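I'd like to ask you about the structure that follows.
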Amino acid sequence: MIINHPILGPRDSAEFTYMGDAALLDRPDWQAKDALLQFVDYGYLRDNPAGPHIELWYHEQGDRSFLVVTRDTTTHQISSVKLASDVARGRGRSK
Amino acid sequence: MSQINRLGGGQIDRTKTLDFKFDGKSYQGHDGDTLASALLANNVRLMGRSFKYHRPRGVLTAGSEEPNAIMELRDGARQEPNTRATTAELFGGLTAKSQNKMGSLRFDFMAINDRFSNFLTAGFYYKTFMWPAAFWEKVYEPIIRKAAGLGSISFEDDPDDYDRGFLHCDLLIIGAGPSGLAAALTAGRAGAQVILADEDYTMGGRLNSERFSLVDQSGADWAAKTVAELTSLPNVRVMARTTILGAFDHGIYGALERVSDHLAVPEVGKPRQILWRIYSKRSLLCAGATERPIAFENNDRPGIMLAGAMRSYANRWAVTAAHNVAIFTNNDDGHKTAADLHAAGVSIAAVVDIRQDAPLSEEYEVIAGGQVVNSNGRLGLTSIEVSLPDGNTRALPCGALGMSGGWNPNIHLTSHHRGHPVWNEKIAAFCPPDNGPAGLSVAGAALGNFTTAEALASGACQANAILKDLGIKQNKVVLPLAEDAPANMTPFWYVKGCSRAWLDQQNDVTVKDVKLSHQENFISVEHLKRYTTLGMGTDQGKTSNMGGLAIMAELTGKTIPEVGTTIFRPPYTPTAIGAFAGRDRGTDFRPTRKTPSHTWAEEQGAVFVEVGMWLRAQWFPQAGETHWRQSVDREVLATRNSVGICDVTTLGKIDVQGADAATFLNKIYCNGFAKLLVGKTRYGLMLREDGIAMDDGTAARLAEDHFVVTTTTANAVSVFRHMEFARQCLWPDLDVQLISTTEAWAQYAVAGPNARKLLKKVVDPEFDLSNDAFSIYGLRQYHCVRWTKSAFV
Amino acid sequence: MRYSGLRVLKEALTGHKGWKPAWRDVAPQAHYDYIVIGGGGHGLATAYYLARNHGAKRVAVLEKGWIGGGNVGRNTTIVRSNYLLDGNEPFYEHSLKLWEGLEQDINYNAMISQRGILNLVHSDAQRDAFTRRGNAMILNGADADLLSTETIQKRYPFLNVNNARFPIKGGLAQYRGGTVRHDAVAWGYARAADQLGVDIIQNCEVTGFRIEGGKCLGVETNRGYIKGDKVASCVAGSSGRLMAKASMRLPIESHVLQAFVSEGLKPVLPGVITFGAGHFYCSQSDKGGLVFGGDLDGYNSYAQRGNLPVVEDVCEGAMAIFPMLGRVRLLRMWGGIMDMSMDGSPIIDHTHIESLYFNGGWCYGGFKATPASGWCYAHLLATDTPHEFATAFRFDRFAKGQMIDEKGMGNNPQLH
Amino acid sequence: MHNLSATTALGGTEPRTEQRGPITLNEEPGYALASVAARKGGERATVLAIQRIIGAAAPKPNHAAGNTVTAFWTGPEQWMLEAPYDSHETLFAMARAEVKGKASITEQTSGWCRFDLRGVGLGAVLERLCPINMTKFQPGDATRTSIDHLGCFVICRALDHISILGPRSSAASLHHGLLTSMRSAY
């Protein structure tokens, strides 16, 4: 597969390590009242869609960027690639 | 002259005579021959035995779709089972052996199976061999296993090297027949980065197999001239002997280049084969078409082959399988073979055409409305039986028979992404699916454009469409005028009433087996394939599948497209495991990581242990020590009583800097680091998100905003990955910078009561190693050396 | 109709006219006691054991395509019970025992071939781990044998013991492990179930569940609504897709695993051999092809095909231990959808929806589990209590911290 | 204490040189390395500091720049500085002084081994090593990719001169891989 890195351009996916569903960005607040329940959900349940899947790829053999990739799991076609740090900020993550 | 079946003309170099051996017997061929053409030239028709019934087998095709003429090529460690004689280039000194036989090829004791074929029908083994239960592994299975399989291996290590590589292009053209060459000219002259790959050693495809001319030159000459021009273009890479074996995601193709297979031994330092990973923006499949046989009783004897292959042998290799040849056809193309062979001086026994309105010939007999219903000849064809339109049967002596049942486009790569082929009624064949691999277009015969003129035009046209998509200025190439005869064809799959009519010649699947499969409810094409093994041989059913589908359609009262087809998977042709592995074998299987003291440790005779690719000195045996415990006990005691050193460079080391470095470490470790004093080290435990321990190590604070973290050797990579995840995905606004320094710093642990004493010897006196100055978990930096003191090793 | 050598003889002499369909093609009825969704190995085995062990009468197996078309039709055919953890080992040992008597039980020769499985060891740590595992196996009634390098070299002289990046330092053998003709498992169970009255319905795709008041009443299909007293999902890699129709999220990701077969060869390998320092395992089929595989491609996929890097990785493993295979050709590669669970172990359990049951999360170990999976799932469906060998395969084990994580990889489905 | 002798990454006291056809392969031990990573809010200052250090604009992604001291881009807001060891033993300290706390500097000297390939026709060697599109790899281009399982930096110094930096501990494996490619290509 080819991942079109937002900074570096098209790169072979073999340079990357797959890190799973990008829902992992939405790490629950560990101080929430129902933190345990939320962490079970966060840690163990997945949408696992047959279709567009938003997922994390780590450019381990490249520039070490985490990317958020939208890829169709039935065709492997990739429709969007973003820097994970940008996406994380967009989802309200900061410090 | 021994090559009694050699004709005039052809594209072989008669000035170069090559000696070779088949089953121990010496023969001669010429440069440009394949093993198959050279054997045919020497009147060798019997080349193998079938899988199940051990029926005599001769060559069926002239290409990589060959199911029958498969052999053990070469000797010793280079013995190569199941090699197609039809694609093996002849070289001086080549040796080949027939396979899957007991005794000699002519007298194969296993041919007894053929007598029992009535018992050995499709799937018979699922119904028996169950009693007594213990007999399966002990008795039945060993017999079956010994009988099964085709070629054998040498059990010696493959002595040749393999390599891998990466190529990029705007346009990958797969196949260098008329459509591929026209496309390459179009795109190449337009300046696009083009790769043109063909599995054959001579490019040109069918142009090399036909007699017609392109205006004033032969097809082969035009192909050679075109290839020469393409080779001269710096933006075109012409790759002969290169099979595109699979279409992978996003325009990536696997390609196998056979660098040295046409040589007795690879040149020193050169690989036998290279597996290229080709990154293409667009690709164009110009893989041509494969002719279909027609099933009739005993249609599997040596000498019975595809009519188009006969034409290739005659026109390209100047060879005929026999001097008296018959043709069985349902289309006009079969007549071309008769005409070409006749022109080459081969006598034509008759052309048997199932069509009442078959074109007639003044040169030889054409039996219109006839059918070949049986054949004779123990180890090779001697005659055929033909049913005439008037109901009578006539015997026709002949040494070879060409079958032409129409052509199937070579659409294999288009279904590598599981796209389902689409039926084309006009040519009665499956054509490329609409949902083939993104970026892959198809041209020429692979698209069902069977005439040369159509193929040339479609290649150029598709190339221009691709150039347009790529934003490259299109280019009008003037193509030579070429034959444009329509391929009149009446679909005809098998002769009615036959039972032992072979569909899959390698696996011995007959019309009868398809009928049984249907009777037992194995009707889905996938069930048919799996139950009968139709199309599961080394040829993957390139010549056999269609017949089975057509018969199943008839049995179920459905149309062929309703029955459907199994789809093709990579590789296009079987590919050496060694090639996929490339140079990653033996001690080069994976990189080795060595510590700074590795050479010293080797000199001390260390025994190494493998940890995370590192070689770590485990213990240092001394003279007289025979068991590892003796060495280890001695070393432990020495450390306990005095001092020991250990190269712990293999531990992961990560530099953590930034205003929020301490906050960051607080988040990823169980332990707190915010309050760690500068100059101190603290043990840290890292957990996974599910609360289970992930790694442990120490973090040393070099400055308010600077830590060095150590990890275990095995987890160095995954801990760094986890920290990057935390930094980029969880807390993207923390001011933290991470960089691995595992490689940049050597690291030694010094332990034991005399550790301080030892340090004093290597450190300049101004460095205070007293307990007050250098206490537990203390840390000092001195020149380019950092010292930490910890109770954790 | 019973299969036997005598019967084959008789049919051979009478033109094979007497063979009957291995299973009937039937149209769906309006109502079943049990609806098993998925005509793969596990689904067919479940239906068979429902009828055989529990006397269930009205059982339907709904298959969206052709039976045996999922992972039972494309796997590397290995059976074994060499597990470490208590939640797993008794279950897989039960499965192996069922394999051992399967052919006589279902009157179908699935060519269960116990030629042994050997896991190679390449480091001291690995030897320790395999020693522990071998002991766990023996404690659970399975067989295990720790082999020295010398024994391995003697028995498998063609293995690359020394001239390797990762020299072989021993191995763990299970002699009762081996291979099975995978397609025949589906066909054999289908035929046996059919003979007990089970309806096997091909080309019948479940498009939705009818759920009212927290209870599942039946399934919508492309061939109409079918009422079912108990509805059992058993669709392996398609679990995520199917259960989403019941609005369930699962502790499962679907990944692609590729497998490979070589051209046919005269006997090369005596059993199954796995390479411990890379990702590669290999056996030889009765037909002569080397059947081999390795690691997952490592990304979510329902596409049933993989990519080159893993093909190369697997062949590197092959060449690392069998340098004699360099000139053997890879004939065909294919990809299956693996229902990778969060701890690498399966689920056989009720769902939170009444009358709706779930069997899945087999990762790439589902084939060897086929008989026991069917056996235990049938038990759960018939009795509403988990079978004693499958009590650990619960949905709630993640929330309760009772994961069955053989590899200790945690919730990284692609690493199990 | 200071009675130490330096060895190269390949373990010798002298750098290794190999020749095959038109291509030369040299082990290049004599370079100091330091990494630069901008701190939050210090991005602009870091770029300017690099410009002062290398005498050229800080290289953009996929690029290298500079003369005696060079820099190549290694990641978002991250660079590696490289300079001859003999003249720039204190590259780390110098960089640290120059960035004035706006960037994190890490000593990387000897963390990476460097091999230089020189000669006409380097494409044929490189295409056997890594997926870089060699028809487009121009002087000033620099990237990180995987070579024989090793994460390496590849820097095009000139059309006939390419540097490869790999992890020091695997220098022997990398060197062997480069040599194998040279033999396969020429």
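Labels A, B, C and D are assigned to the chains in the order they are written; within every chain, residues are numbered from 1.
Note that a contact is a pair of C-beta atoms (placed from the backbone, for glycine too) under 8 Å apart; a residue touches a chain by one contact, two chains touch by 3 or more.
Note that this is a predicted model, so its numbers are computed, not measured.
Asks: Report which of A-D and B-D is connected by more C-beta pairs in contact.
Replies: Counting C-beta pairs in contact for A-D and B-D gives the edge to B-D.
Asks: Suppose each chain is reduced to the average of its Cα coordinates; what separation in Å results between chain A and chain B?
Replies: 33
Asks: With chain centres defined as C-alpha means, what is the inter-centre distance between chain B and chain D in Å?
Replies: Result: the chain centres lie 36 Å from each other.
Asks: How many Å are there between the centre of chain C and the centre of chain D, using C-alpha atoms for each centre?
Replies: That pair's centroid distance is 49 Å.
Asks: Please set out, as single numbers or ranges, the residues of chain A touching at least two other chains.
Replies: Within chain A, the residues that touch at least two other chains are 1, 12, 14, 17, 43, 60, 64-65, 75-76, 83, 85.
Asks: Which parts of chain C, given as residue numbers and ranges, touch two or more other chains?
Replies: Those would be 303, 307, 411.
Asks: Give me the residues of chain D that touch two or more other chains.
Replies: In chain D, the residues touching two or more other chains are 78, 131.
Asks: Chains as vertices, touching pairs as edges: which of line, ring, star, complete or other describes this one?
Replies: Topology of the interface graph: other, matching no listed pattern.
Asks: Which chain D residues qualify as touching chain A in the complex?
Replies: Of all residues in chain D, those touching chain A are 61-62, 73-76, 78, 131, 143-146, 151.
Asks: Would you tell me which residues of chain A are touching chain C in their complex?
Replies: Spelled out, the residues of chain A in touch with chain C are 1, 13-14, 17-18, 20-21, 37, 40, 43-50, 53, 55, 71, 73-76.
Asks: Chain B touches which residues of chain D in the complex?
Replies: Residues in contact with chain B: 1, 7, 11, 20, 35, 37-41, 78, 103-104, 106-112, 127-136, 148-150, 167-170, 172-174, 176-177, 180-181, 183-184.
Asks: Of all residues in chain C, which touch chain A in the complex?
Replies: For chain C paired with chain A, touching residues are 238, 240-241, 244, 249-254, 298-303, 307, 309, 342, 398-399, 411-414.
Asks: Which part of chain B faces chain D closely enough to touch in the complex?
Replies: Answer in residue numbers: 161, 163-168, 193, 269-271, 274, 277, 279, 583-584, 588, 590-595, 598-599, 613-614, 649, 655, 657-659, 706, 733-735, 737, 739, 741-745, 762-764, 784.
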